[in-house]
Amino acid sequence: MLHTVSGSRTVVETQLAAYRYMLRARLLDEKFAALYRAGKIHGGVFLGRGQEALSAAIGISLKKSDVFAPLIRDAAGRLAFGEPIIDAVRTYLGSALGPMRGRDGNVHRGRPQEGYLPMISHLGAMVSVVNGILFARRMKGITGIVGAACLGEGATSTGAFHESLNQAAVEKLPLVLIVANNQFAYSTPTSSQFACADLANKATGYGVEAHALDGTDFSDCLETVGSAVARARAGHGPQLVVASLLRLCGHGEHDDAGYILPEQKNSPMGRDCLKVAEDWLQKNKLADPAQFAVWRSEAIREIEEAVAQAQREPAPDPYEEKWSALSSEHLNELRES
Amino acid sequence: MLHTVSGSRTVVETQLAAYRYMLRARLLDEKFAALYRAGKIHGGVFLGRGQEALSAAIGISLKKSDVFAPLIRDAAGRLAFGEPIIDAVRTYLGSALGPMRGRDGNVHRGRPQEGYLPMISHLGAMVSVVNGILFARRMKGITGIVGAACLGEGATSTGAFHESLNQAAVEKLPLVLIVANNQFAYSTPTSSQFACADLANKATGYGVEAHALDGTDFSDCLETVGSAVARARAGHGPQLVVASLLRLCGHGEHDDAGYILPEQKNSPMGRDCLKVAEDWLQKNKLADPAQFAVWRSEAIREIEEAVAQAQREPAPDPYEEKWSALSSEHLNELRES
Amino acid sequence: MSITYLEAIREAQAHALRDDPRVFIYGQDVGAFGGAFKATKNLQKEFPGRVLDSPISEDAMIGLAVGTAIEGMRPIIEMQFADFSTVAFNQIVNQASTLFWRTNVPCPITVRLPFGGTSGSGPFHSQCLEAIYAHYPGLVVMTPATVEDAYSMLLSAVAIDDPVIFCEHKFLYYHLKAEKLPSEALPIGKARIAREGRDLTIVTYSAMVHEALAAADELATEGWQVEVVDLRSIKPLDTDTVVASVARTGRLLCVGEAWPWGGVTAEVIARVAAESYGLLDAPPQRLNAKDTPVPYHPNLWAAHRPTARSVAAAARKLIRF
Amino acid sequence: MSITYLEAIREAQAHALRDDPRVFIYGQDVGAFGGAFKATKNLQKEFPGRVLDSPISEDAMIGLAVGTAIEGMRPIIEMQFADFSTVAFNQIVNQASTLFWRTNVPCPITVRLPFGGTSGSGPFHSQCLEAIYAHYPGLVVMTPATVEDAYSMLLSAVAIDDPVIFCEHKFLYYHLKAEKLPSEALPIGKARIAREGRDLTIVTYSAMVHEALAAADELATEGWQVEVVDLRSIKPLDTDTVVASVARTGRLLCVGEAWPWGGVTAEVIARVAAESYGLLDAPPQRLNAKDTPVPYHPNLWAAHRPTARSVAAAARKLIRF
């Protein structure tokens, strides 16, 4: 198994890379949480704690030419897909130099022209946009690409989820829809969200392929997400991936998540995927505590540098701002009101 | 089997009643089509040709105290649920005395306070309203009731279908959702509408029970819809019923349905359920051609009388109309504009 | 030869498909069937692979369009009726309309909305939603009143780098005719003086232009010269042309088929009141539909919307003010 | 004791639940969690079985509410943010708002929309949708600006037999405080003179009332007496109180936090222009948010919406006209 290749990387290389994205995402999230507590970030901060393995697996399974629509808990996947740390920091801090130029913030960031979609808040709404990109590329004769869209289990209750998964199925698009079932939508448990035994059961009703995985286990994440992506790439149509895990944090940093039960935290689902990955890497002699420490301090330095840089950068200036939502200059209504 | 009872009726009584609703619906529809061709009906006319067996089975399986949300092809079910012919005629003709008072027309009719919902056009939107009625009754301690909502297979592509079926499943409501797969949504074939092998496959993904039936066979319709309704009534939660059949008419009377293939028309699915029912009743010696002729002329007389009556009735008078959409008089904005 | 408003829309789409490989059409029944109103008749045959049937999923239809726009395509989305765009509302107002502002990536999609009242269509096949979309930043809202504008403005809509809500009036589909298609057109954002006059300005758009023109005919027989301004697009809205007309006539009546609260007529009056206050010899007035859903019965429908008759009555009252 | 705007909303709901067995609350996280803003805190415990969590299905949430209303219940639906009501748009504007008119069966549902901008909330958690809903027939749209109104108007909303869009401003949630809850209130449809003055009338609503009052304070130091009219509900809209105020001051500035095209400010000006034209000594003016999505960065946000400062500047200009 160590010699199987995924893309051009060996499995071990992939695992090591994934772990490092997970670690960096965890540390980056923690930094945002700290900045939030210090009053340096307005609005909300949303962490991916406990979901880094799944998220990293998605990002790492994609090629640069693929399409990625992450959601609020996907810092790891974003990094793995190639987002520079500075983009994340600038967006949270509202820097004028960030990809969103202070117009949008926190997790609402991306670069659509690079196939990396900045989420709108409305859950489920990004999936059909991914469909559109895949659809357009097919019209242009571009093949071998995949579009990955991330959702929480709560978002499966939206009409948008349904319409877009069905649309992808009808059009046989290479969509990989990854549902992170972290047991809660904000405070709402799955029992108030759906009544099926397993979300993966939805696949048959759409005529798409399903994959279930243990989101706490980074090997399973890498393998299962990797093969779903490969199936989509090979032309087998949409793939529905359902990961079981537990949100190891509040919905946002304002939320103490008192509603998550101790039984859940203490169950296998409550394992910290980062810890699981470390144990596995150690057990398989792929890395040791000293190495982890080095990676950690490297990541911290990178993050601190990015924060320091973004904090020095200009805030957006309302006087320089072009107050128009249209790209067509000549159609702007010039009248100030 | 002839001695099984469904409600207080024997199966045979039920079959005979169902056939007569089917026949009356067919004739009523034909009258509307004729009035439309004669320019007596503005807007559209939508027929249930080929779907009468399914529709009648739904109406006949419900009690007066149940809830019914029919769609455009449910003339038979409406009659079976107790709608007087005159309500249908008045609504199509826009009579001020009809249930919709000329404000809404054709298939958009009902009496919500009697559990009979007047559809809005937006497909899928009535299902959650049915959920609401069931939900409210449960809150009030009313048990043993069922709500039936009808959809075409095309409407399964709407977000509203998904949200409402999921909502019913989460709340374990006694909803019976009947999907008439008549192979087309307007001109669109099922291949452009969904990719699952069978729409009944959707049930598992919602955690609800599924029933499939042959919509051309009135015995199957009565039995299967009847047992779905009974399951819901007995507390087994939402039931998804999927009927296979073929639309034996245009989408509306303006449409010649040239896109329906001869192979489809000539397949078993293309059988006329009314004819199938007649054959069956004859074969089982439950009725003979003379009896059919009597029923037919009775129905025609009833329909003609209703039409004559409605045509004599006053059209709505714009000067008498209260031009306000609010029930609260004191909140109307009086200013004419 | 004569060409209808509906044919003009079909021709514009054929033209756009022919000229620009980035254009495609997506919507319910738009393919082999040619659309509920036949606005895409034969286009699938003429342009294979570029005119595609969608499932009944308005939300996903617009989402998909935005995705293709990100990839540089120029989708035309047909809503079967404007009324059903309420199901796609979120994707239109939150996804399409914010894309450029948030990301600097243009979103050149055209959403065709067959809209407005026709006899017997009732509350859910008659709605006028132009004001709803115009209120949101990031959308261009066009409301052509003539065959020529239906054609040329739809071509512009496809060419524009922003999302366009193209409100095509069903009442005009069949009986509005022109001799030929135009080769030139006013720019988008420019209103048109549909009829000149000196006693009163009626500002309106879409089907109501024809009611206003008929009212003007009627008033002409009484000796009054009514000027009719056809806004053409309601966002951008050509305040200058309106103000210039009001400066000439001193009297303003705004007519719209939409509901009375807010909307185009309020916006026009607010602009005129702010900018050309001294020019008015009488208070500016509005005439809109009544504040109820659109009724089914032809009698009620005719009283619900403004007509030549009610426009003439309002104009007469205002002239005599 | 002191009570916030948010607590008043909670108290009104507790009161309604206590007094009327037909009332229940349905929304995302409204149950044990008490809602994203804690507007339903402890209510599930106090009223078992009557405060229920919904799935993330805004469309079905409103559909369900309408069904329960048909059965005589009086649901309160909490949208987590007003912005997400765009997903429920069809059910609100086509199902709830047409029910009574079509069938004579009332539809007493209250849709609570936590709305409006707060620092750092960005384009999708800040929207002002009041004008969108007011444009549709069949809806009542309330926009309380004070703790007292938040309380008494929410009670009225639940009592009213029609669908009410209850726009509660998130910016006011925590820092707006009152000594106690009111036992009496102005009727719905009646505006309030929030401050008297003789030089200029500012007509506004919701959070902008406080910006206007602060602007009035500022102008008072310059010797100008500004009257501030708080509309309270924007549909129905109290034209009489507005017109009476304008009759006293001769000058009108309308201020809204929503986008500039159409909306409350245009509607107010159109009404005043039509009805009290002779009373104005200067052209009526508007001040709205800018015509872009609501920006995330606090600096941009502060420039996007009207503030005391920009209101004062506009007022000053108008007074000197």
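When the chains are written out, they are named A, B, C and D in that same order, and each has its own residue count from 1.
In the analysis below, a contact is a pair of C-beta atoms (placed from the backbone, for glycine too) under 8 Å apart; a residue touches a chain by one contact, two chains touch by 3 or more.
All values reported here derive from a predicted model rather than from experimental measurement.
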Remotest chain, chain C as reference, centres from CA atoms: A
Centre-of-Cα separation between chain D and chain A, whole angstrom: 36
Where chain A and chain C are represented by their mean Cα positions, the distance between them in whole Å: 40
Rounded Å distance between chain C and chain D, as computed from the means of their C-alpha atoms: 30
Per-residue multi-chain contacts in chain A, two or more chains: 100, 103-104, 108, 120-122, 157-160, 163, 166, 170, 192-194, 324-325, 333
Per-residue overlap in chain D, given as positions that touch at least 2 other chains: 54-55, 57, 59, 83, 86-87, 90, 94, 97-98, 101-102, 123-124, 137-138, 235, 237, 261, 286, 290-293
Overall pattern in which the protein chains touch one another (line/ring/star/complete/other): complete
Contacting residues of chain C [partner chain A, same complex]: 24, 49-50, 54-55, 57, 59-73, 90-91, 94-95, 97-103, 105-107, 137-138, 140, 160-162, 187-189, 235-237, 239, 271
Of all residues in chain A, those that touch chain C in their complex: 99-100, 103-104, 108, 110-113, 117-118, 120-122, 125-137, 139-140, 159-160, 163-164, 166-167, 170, 324-328, 330-333, 335
Complex contact set, residues of chain A against chain D: 41-44, 94, 100, 102-106, 108, 120-123, 154-155, 157-160, 185-188, 192-194, 259, 315-319, 321, 323-325, 333, 337
Touching residues (chain side chain A, partner chain B) in the complex: 157-163, 166, 169-170, 172, 191-197, 199, 201-208, 237
Residues of chain D that touch chain C when the two form their complex: 83, 86-87, 89-90, 93-94, 97-98, 101-102, 123-124, 131-132, 134-138, 235, 237, 258-259, 261-267, 269-270, 272-275, 277, 280, 282-286, 290-293
